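Below you'll find a set of structures to go through.
Heads up, the next two complexes both have chain A, just with different partners, chain B and then chain C.
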Partner chain A sequence: MLIEQSAYANRWRGVAPAAKGLFALGGLVAAFIVTHRPAAGLGIAALLATVTLGGARVAPGLYLRVAAPALFFLAISALSLAVSVAPEAQGGLGLHASPDGQALAAGVAGRSLAGLAALLFLVLTTPLTDLIALLRRLRTPEVLLDIMVLCYRTLFVFSGAVQDMRTAQAARLGYGSRRQTLRSLGGMAANLTVQIWQRAQALHLAALARNNDGPLRFLTTPHPHARRDIALAGSGATALVMLAWAARMVTP
Partner chain B sequence: MHIMEGFLPIEHAVGWSVAAAPFVAWGIRSVNHRIRENPEQRMLLGVAAAFTFVLSALKLPSVTGSCSHPTGTGLGAVLFGPAAMAPIGAVVLLFQALLLAHGGLTTLGANIFSMAVVGPFAAYGIFHLARRLRASLAVSIFLAASLADLLTYVTTSVQLAWAFPDPAGGFTTSFLKFAGIFAVTQIPLAVSEGLLTVVIFNALARFNAQELRDMGVAPDAKGLA
Partner chain C sequence: MSAAPGTANAPLLELEDVSFRYPDGSTGLHGCSLGIARGSRNALIGANGSGKTTLFQHCNALLRPASGQLRYAGAPLDYSRAGLRTLRSKVGMVFQNPDRQLFSASVREDVSFGPLNLGLDEATVAARVEAALQAVGMADLAHKPVQNLSFGQKKRVCIAGVLAMEPELLVLDEPMAGLDQAMQEELLAVLESLHQRGMTLLLATHDINFAYRWADRIHLMAAGRCTASFAAPQLAAHEAQLAALGLRLPAVIGLQRLLQQHGLLGDTRHLPSCTALLTELQQGPLPETPRHAAPLAKTAEQE
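Here is the complex of A and B:
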């Protein structure tokens, strides 16, 4: 997973997650403030991307590859907003590029790009374990946190199992034709399905053996400069929001 | 099909989150109740969420030759019931936003509503309706998985059309536009996912019937094991 690689390898890995969360929140708020002002939205997106690439030193290629699926969704959806279907004079339906639709599509695209850049800033600089710890501090229900902790741990166990099964199936020409592919994938998923109960049972026994019958707690990384980080990120976020307000006031 | 970060206007983003929250809360309540009765199930949901996440990352050959990703909602709803699928789906969608940048944080509520509420409830309802109408297990599973996929995508199209009604034709035109564009990928995906889920259940019934019986899996899926 590309995002995981970057979250652990970037320069701001050690910055307090609360600070990065605050800055991303500022970016999201700014994105919604500049709604329907495409140029301002693009500006906020560019600013957030610059901070992510320049400040946290995330590789530009990786950034683009992570953003690609969302950009594809945006391209298709913006296209369908820009064109309008209307009945033609001589009967039937025709596609028209309406000015209203184009303005709407541009506005939504600007906001979405700014929002995406804020989300990417957060996820590319902060490992998921830090985010879960942050959610715990924000009083997320314990049941959801437990599901998250377990899901995160088991995710890689299952990914490993999938890779092994895939290799074994591919070695037996399991992906030779489309029919075979469907069969192999079905067999693999069935195998995984049974493992849900087996692994859950094993985890339960392991937890009982350690006298755990309550929430799953883990040590969190200490962040000695948390206050300074939060103050810096807070001023950055405030600056972003004020910039967005200014852009909103200037452009009609 | 995940709605990306920032795409929905703020009122819609908040509105869909408010609409999805009671289902997730109800799911958590029913899960807590179940864990109190069977403490050995307390790891189940987390592991099931990881399973759903990994399943949704598999590349499924689509009927048209392209590739797409299964959603796993049909399979999950039949195995765990729709109530449990809301919190599981919420966590999976959050992880997809945070680990893959699919979907987003402000659009999480809308995505939960379409994929973790409408999809599983539809799958569960269709599966049991089909079984009651004496359809075979394979047919019921196929209908449940593929129609759940279709309804999920129809819900997403409704969400988008509601947020962005067409300037000329209003909601209906906008809905037809979004549904028409996404149909290209979503209808083949629904068929593929239906077929895949049937193959999964066949394999389970054939190779793992004893394990499933021993573990008391899918008590609702009558005739499975």
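Here is the complex of A and C:
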């Protein structure tokens, strides 16, 4: 929901999604160019984060909250790469930090941070409906897009249903004890399964009523400054890639 | 009524002895016969589970009758692929729960779904989407994600999604359910403007006062049967059939009768609501000497 909130509220909401996609792609390419150069990776990540926070005016607190889970997993992975568990000379197991392992962890962390920043730029500035429209223009198979459209819409319908059910259960002391909580969750899962089935049936009827006979087609929102946006984003992406390349050349 | 001359009497949609049974064995419709005149406003009244939604799904050929026949503009419904396509472009259906009808998370995209299914080009679709959103007063919210809209706004998006297909007959399944008074008034204004444009309207409701006030024709349903079909001003003559549905005559009918008995209201013309009755009392010339004016005035004073 945080991503959703930012995607609709940021300053670059009206910028052509193709432009934002291109810039994010530039960021990703740059992230791969600076592999094994952690400092350059960090630099690219910082640059992308600055663009997201300064350019698109995404709130820093929200940015950190969205990034937190990914950063947590990255930290765990980097730690497991840097530190290895091996038998000690005097018996038993001990933690060892090898220079190779540390270098590898730093490299992976740098590249991942840059990649994460590039993807966060895209998702925090572009609503999913725009991204789906962009994928449609890029000739992604219809079946995949239909699944994306329905999953995305259903996500909100079901989060609403789950909330209602939870409230109704809580109002009747459904979460009073551990035993009751387990019971309530089971009941909710069962009820939700039936609702999913009914909902799918209802959506099918609604589609038929509106003359649908195959793929779900929608009108794309026009972006009047798409050319200008794409040109700007293209230059930005090229600059990022060149910067990454230069960093790769100068750092050992 | 704004029906075109010459076609006023030709039913746009006709059900003749239509029966339907669900796969689980329960009866949906039982020998239902009903006619919807072109350009008219129709209210279908029935208790929960009386078969209103089943009947509506027959109008759009989402269900096919086990026996009996449906005719659109005089011709029996054609259930072939092409026939269904034509029918569904002429009969628009708005479901009761908007969350079960909206596909896309974007308002504009969802409204474009129907017209794109008709195979129209993008420029025409874009124009129709704008016009439909304007008609329901949602043009300013076209860029909003569906999940951030209120229930009433979602309902209006659903109507826009059907309007963009430019149907001749708009079928609305309990459109007022879940709407507050202000939203109901807004929706009514939308329906009124559609009726002014000549669209035929059929809606299901539980509110007999609303049906009497709004509709040209009222249709009653009970246990899958169409029990009565009449012009709204004749509602008073169907008191027994209403009682069978657990409904009473609108209060305005009783009030009008009482005022006439007391000689305070001479005219017997159709007054569909208390507002209309009050306006009539305030503006219309009262009969010369009201026979029971004094007791009535006394009652008012006592209160």
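One rule holds in what follows: the second predicted complex is superposed on the first by the 252 of 252 C-alpha atoms of A that agree within 3 Å, B and C clash if a C-alpha of one lies under 4 Å from a C-alpha of the other, contacts with A are read in each partner's own complex, and residues count from 1 in each chain.
Just so we're on the same page, contacts are C-beta pairs under 8 Å (C-beta built on N, C-alpha and C of every residue); 3 or more make two chains touch, one makes a residue touch a chain.
In this text the structure is predicted, and so the values were computed from the model without any measurement.
Enquirer: Put chain B and chain C onto chain A via the superposition and say whether they clash or fit.
Expert: fit
Enquirer: What is the value, to the nearest 10 degrees, of the angle subtended at the Cα centroid of chain A by the Cα centroids of chain B and chain C?
Expert: 80
Enquirer: Counting only touches as set out at the top, which of chain B and chain C does A:V157 meet: first, second, both, neither?
Expert: After superposition on chain A, A:V157 lies in contact with both partners, chain B and chain C.
Enquirer: Going by the contact rule set out at the top, does A:V149 touch chain B (first), chain C (second), both, or neither?
Expert: A:V149 sits against chain B and chain C alike.
Enquirer: After the superposition on A, what does A:A207 contact: first (chain B), second (chain C), both or neither?
Expert: both
Enquirer: Which holds for A:V194: it touches chain B only (first), chain C only (second), both, or neither?
Expert: After superposing on A, A:V194 lies in contact with chain B but is clear of chain C.
Enquirer: Would you check which partner chain A:Q102 touches, where first means chain B only, second means chain C only, and both and neither mean what they say?
Expert: After superposing on A, A:Q102 lies clear of both chain B and chain C.
Enquirer: Touch test for A:E4: chain B only (first), chain C only (second), both, or neither?
Expert: Once the two structures are laid over each other on A, A:E4 reaches both partners.
Enquirer: Using the superposition on chain A described above, determine whether A:Q180 touches chain B (first), chain C (second), both, or neither.
Expert: So A:Q180 meets neither chain B nor chain C here.
Enquirer: Looking at the overlay, does A:L81 come into contact with chain B only (first), chain C only (second), both, or neither?
Expert: The first partner, chain B, only.
Enquirer: Spot which of chain B and chain C makes contact with more residues of chain A, would you?
Expert: Greater contact footprint in residues on chain A: B.
Enquirer: Tell me the contact category for A:T221 with respect to chain B and chain C: first, second, both or neither.
Expert: After superposing on A, A:T221 lies in contact with chain C but is clear of chain B.
Enquirer: Just the number, please: smallest Cα separation between chain B and chain C in the overlaid arrangement, in Å.
Expert: 7
Enquirer: Which chain A residues come up in both lists, the one for chain B and the one for chain C?
Expert: The answer is residues 4, 128, 149-150, 152-153, 157, 199, 203, 207, 213 of chain A.
Enquirer: For a test of understanding, state which residues of chain A touch chain C in their complex under the given definition.
Expert: Those in contact with chain C are residues 4, 8, 127-129, 133, 149-150, 152-153, 156-157, 160, 199, 202-203, 205-213, 216-222.
Enquirer: Going by the contact rule set out above, which residues of chain B touch chain A in the complex?
Expert: 1-7, 9-10, 28, 31-32, 39-51, 53-55, 57-58, 60-61, 75, 79, 87-88, 90-92, 94-95, 97-102, 104-106, 160, 164, 166-169, 173, 176-178, 181-182, 192, 195-196, 198-204, 207-208, 211-212, 215, 217
Enquirer: How about chain A: which of its residues touch chain B in the complex?
Expert: 1, 3-4, 28, 31-32, 35, 66-67, 69-70, 73-74, 76-77, 79-81, 83-86, 96, 98, 100-101, 104, 108, 111-116, 118-120, 122-123, 128, 131, 141, 143-144, 146-155, 157-159, 162, 178, 181-183, 185-201, 203-204, 207, 213
Enquirer: Give the list of chain C residues in touch with chain A in this complex.
Expert: 57, 60, 62, 81, 85, 88-89, 92-93, 95, 97, 99-106, 108-110, 112-114, 116-118, 122, 125-126, 129, 143-148, 161-162, 165
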